[in-house]
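Consider the two complexes below, in which chain A is the common component and chain B and chain C are the respective partners.
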Partner chain A sequence: MLKRVLIANRGEIALRIQRACRELDMETVAVYSQPDAEALHVQLATQAVCIGPARAADSYLNQDALLTVALATNCDGIHPGYGFLSENADFADACAREGLTFIGPSGDTIRKAGSKSAARDLMKAAGVPVTPGSDGPVSSVEDALAAAERVGYPVLLKASAGGGGRGIRRCDSAEALPAAYAEAKVEARACFGDDEMYLEKLVLRPRHIEFQILADRHGNVIHLGDRDCSIQRRNQKLIEEAPARCLTPELRARMGDAAVRAAKAVGYEGAGTVEFLLDSDGEHFYFMEMNTRIQVEHGITELITGVDLVRQQLRVASGLSLDMTQADVSLTGHAIECRVNAEDPRQDFRPCPGTVEFLHFPGGAGVRVDSHLYNGCALPPFYDSLAAKLMVHAPTRLEAIRKMRRALEEFALEGFPTNAELSYQILYHPTFVRGGCTTAFLEEILPRLLDFNRRVDQHEDTL
Partner chain B sequence: MTNQEIFDLMDRFQRSTIHGMKLSREDFSIELTKAPPAPVAAAVSAVPAQVQAVSVQPEAPAPQADGHTVDAPLVGTFYAAPAPDQPPFVTVGDHVKQGQTVCLIEAMKMMSEVPAPCDCVIEAILKNSGELAAFGEPLLRYTPC
Partner chain C sequence: MNSIFSKRRARLLAMKAMRDNYIPGDQLTVCPKCGQESPRREVAGNLSVCPKCGYHFPIGAYYRLSTILDPGSFRELNGKLPAGDPLAFPGYREKLAAAQRKTGLTEVAVTATGTIGGQKCVVGVLDNRFLMGSMSAAVGEKITLAIEYATKNKLPLILFAASGGARMQEGILSLMQMAKTSAALARFSEKGLLYISVLTDPTTGGVTASFASLGDIILAEPGALIGFAGPRVIRQTIGQELPEGFQTAEFQLEHGFVDAVVPRTQMRDTLERLLRLHGKGGQP
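Coming up: the complex of A and B.
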């Protein structure tokens, strides 16, 4: 087993990893930036070293600093957590070069899974369904029209070199396609210096369903069920649940098999996630991407499977084989997570860092809170705004919803605004209660919820 | 610090094996001392060691404990000399010019020279050669001149 692990992260995930290490009798070395000197992950580590100033590029993303500290403190492993360097193939390679175990897949696997086009080809070869499309670039409007006819409208025209939403056009009919094609091409040339285009079917009102994967170095790959992360705003997840209510056992088995094939196709090791889009027909699913790290929402899978995912990561990285088979995995009850972020929904979700003046976490049976906050601590403005993850576990989905409402009622944080109240409202929304939310849900209901809140505020002001 | 906290501290101090302590906060400082350890035979006597002095000085200015220091510009291994068999860049009492190298920090086999921020006299070298220096950790203390 690994003896001493450098945790190349901060916040609640650094704590989460520390706890797993502690339970496995591994020592931990925390790293921190100057504004994080008082952070909880610094205080609870066996040893902590300041690696740089506030800017992430100079601290938590500073590979030389992290490797220097890992070597100087005689660590044998580095856990990257999520975000920061967790999906950086070059960092994984650099760790290997220095004789340090990167707790995650190899650099090559990260590269394979991370490249959108390469991953798509690999998945097709492995028999994992991908969104229907042009299969390679379209060289003319005629080509694009033919491909669109084949996959059916609406379609997305995308720049091969694209990213960040540039060089993308949605088109709903053959009449609209030539103009969209020309526009996207011009934009792609301007943004990326390359106007090669391809075409993909646009899946309307899909659900975001993901499968948790565990793989060891000896070729064993299993999945630990699914999560529904459809409640998101601008690709930021807000509420996640496990298992997804919309999957029949038959569809779950098919998707789980596809996820395991996807992981095998890239030679996966450790904990990872395969994300799918589930069509609104509830029948067709398409590979979206693979995340080669532990995810924020891993806790709800732990609640329904009883498997400690970070512990499994540490075991796999130590060279052990999985201590369970697919047949040992059973999903018990229902779990929900609400992410509490330091942001103000009333002001377009502006991040609101600040100092915690008063903090009280919910408790009781079936409630889990992962957070790095404590009374009096600061949530610095330099990093992400996640303040706490509230998780509940109950025998049924309805009981889990009720428990989460209760947990949010108990939760108290003074010092800066959070989105906790918004989550509370969603937990009462009929579409959510029925389990009918797609990725379009939150954006659609937001104006009404925010307007409702505004009127409540005004009413309270007049009292 | 509240009075209760001071009383608690006195109790704790009296029970401890240390003979003196001094605590400085922003707005006050407190110093506790007690008689040197009695012979073992006397230690069982019922008379507790005397807390001799408690001095509370409100609104005392915070002492400039560190003065001027050269801090590590990056995390890495501190070296006082260019090579193990060579003399150190500076020793205590040396006058150095602004920009003169005073030590090295090694990170991933890259040596970074740390320059003196101004003309100064070296007062103390705070790290041992070969030790890990954290980002921003004081390496040398100096007096500008």
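Coming up: the complex of A and C.
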């Protein structure tokens, strides 16, 4: 087993990893930027080292500093968490060169899964359904037009190196394609320094279904069920549930198989996620991408499977084989997560970090809160605005919804605005309660939810 | 620190209240009385009273409670007491379910404790959107429980009536609620406690003939229809034209059935003053 792990991250995930390490008797080395000196992950680590100023590029993304600290403190493993360097193949390689165990897949695997067009080819070869599109990159507008003609409009133009919604354009007709192609190419070059483009059919009103994968170095790959992350705004997930209500056991088994095949195709190791789009017919599903890291919403899978995913990551990285088989995995009950972000929905979701003046988390049976906040701590403006993850687990979906409503009613945070009330409103929305949400849902109802919110404000002012 | 949780409670009640009264968008609202248009924002800011002619739009139970009680003091009593179907009346269950879906209420009556200007009291509200605000066994039970709670805790009681009468789908059982609530009020009265009845549009039938008319002080909202049988039935029965403004709150004030007509915008202050006058120590 690993003896001492450097946690190259901050916030709640750094805390999450620390907790798993401590339960496995591993020592932890926290790193932090100057504004994070008072952060909870620094307070609770075995030791903590400052690695630079606020800017992420100088601290949490500073590979040299991280490796130097890891070697100087005699760490034998590095856990990258999510975001920052978690899907950076070069960093994984650099760790290996220095003799450190990168807790995650190898650099080669990250590279294979990370390039979107290469991943598509790999998945096709492995028999995982992908959205119909250009086979490989398109080199010219003519190429793109021909491919679009073949799969049918509307289509999406995507940058091979893309992510986070950048370098993507939607086209509804052949007339609009040349302009969109040029625009997306420019954006891709500006954002990723690589303007290779590919094209695929746009699945209208899909659901975002993802499968949690666990793999070890000895070729064992299992999946731990699915999550429905369709409630999102501009590709930012807000509410996730597990398992997805729209999957039949038969479809779940088929998609799970495909996810395992996908992981095997890239030679995966550790915890990862295979994302699918589920067509509105509830029958066809397409491989979207593979995330080679622990995800923000891993907690709900832990709740329904009873498996500690970070613990499994640490075990796999230590060279142990999985201590369970696919047959041991059973999904119990239903779990929901709400992400509480320090952002103001009234002002177009502007991030608004600040100091926590008062904080009260919900509790009780079946409620889990992962957060790095404490009374009086500051949420610095330099990093993402995630403030807390509220999770609930109950025997049925309806009970879970009621539990989450109750939890959000108890939750109190003074000091900066959050999106918690928006989640609360969604939990009452008939479409959500019926389980009929697609990825278009939140954008469609948002104006109305915000209008409602304004009216509540106004009513409170009147009184 | 306590104020933070009371702020949360106030916010949750405001959301419930808005759920009662929310119409999306910010178009113009047409007043059914004067026919003039006002921006919805302006009407909402005036507690759903037409800014031009003073017409009182119907409002939901939680909305009313949010306009009356001190923010954060609201605590619902017997919130989940459900309606039954004692006679297995054809189609009644479906009607109940539809009304519950539409309004988000479990029954016509919402009862709560709270404070008005810092004075603790028990408040009950009937919601006319739920099956015409008709009185079922569950409504009678809720009102009675609220009266008994007030009796036991020596608190003043305020009931806002809005009802089409007894609920016909529950037959004699709903009519029995008239006697039940009246008897509970008699016991309440024996303790020397204050009961303020507020009649809103419309207060008719078995509700008028029981607890709504038994207030120590009876207030009414302007323009509210208050009576036992409706004007059309009376006209057909006696075969005579009815006087101008028959059965309105103002008409009933003139004829001594109502003590005062109080606009919605002044209701809270009026109730606060009345509670202060009649409360312990009786300060003006």
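Couple of notes before you dig in:
Here, the second predicted complex is superposed on the first by the 403 of 463 C-alpha atoms of A that agree within 3 Å, B and C clash if a C-alpha of one lies under 4 Å from a C-alpha of the other, contacts with A are read in each partner's own complex, and residues count from 1 in each chain.
Definition applied: a residue touches a chain if its C-beta (ideal position, glycine included) is under 8 Å from a C-beta of that chain, and two chains touch if they have at least 3 such contacts.
Only a predicted model underlies this, so the values are computations on that prediction, with no experimental measurement involved.
When the two structures are aligned on the shared chain, A:434 is found in touch with neither chain B nor chain C. With both structures placed on the common chain, the touch criterion links A:52 to chain B but leaves chain C unconnected.
By the touch criterion defined above, A:456 reaches chain C but does not reach chain B.
Look at A:69: by the touch rule set out above, it reaches chain B but stays clear of chain C. Applying the stated contact rule after C-alpha superposition, one finds that A:234 touches neither chain B nor chain C. Residue contacts after overlaying the shared chain place A:409 against chain C, while chain B stays out of touching range. Shared contact residues of chain A with chain B and chain C: none.
Interface residues of chain A, counted against chain B in their complex, comprise 34, 49-53, 59, 64-65, 67-69, 72-73.
Those residues of chain B that touch chain A in the shared complex are 74-77, 106-108, 110, 132, 134-137. On the side of chain C, the complex with chain A involves touching residues 1, 4-5, 8, 10-12, 14-15, 17-18, 22, 24-26, 41, 44-45, 47, 63, 66-67, 71. The touching residues of chain A, when paired with chain C in their complex, are 358, 360, 409, 412, 414, 421, 425, 448, 451-452, 455-456, 458-460, 462-463.
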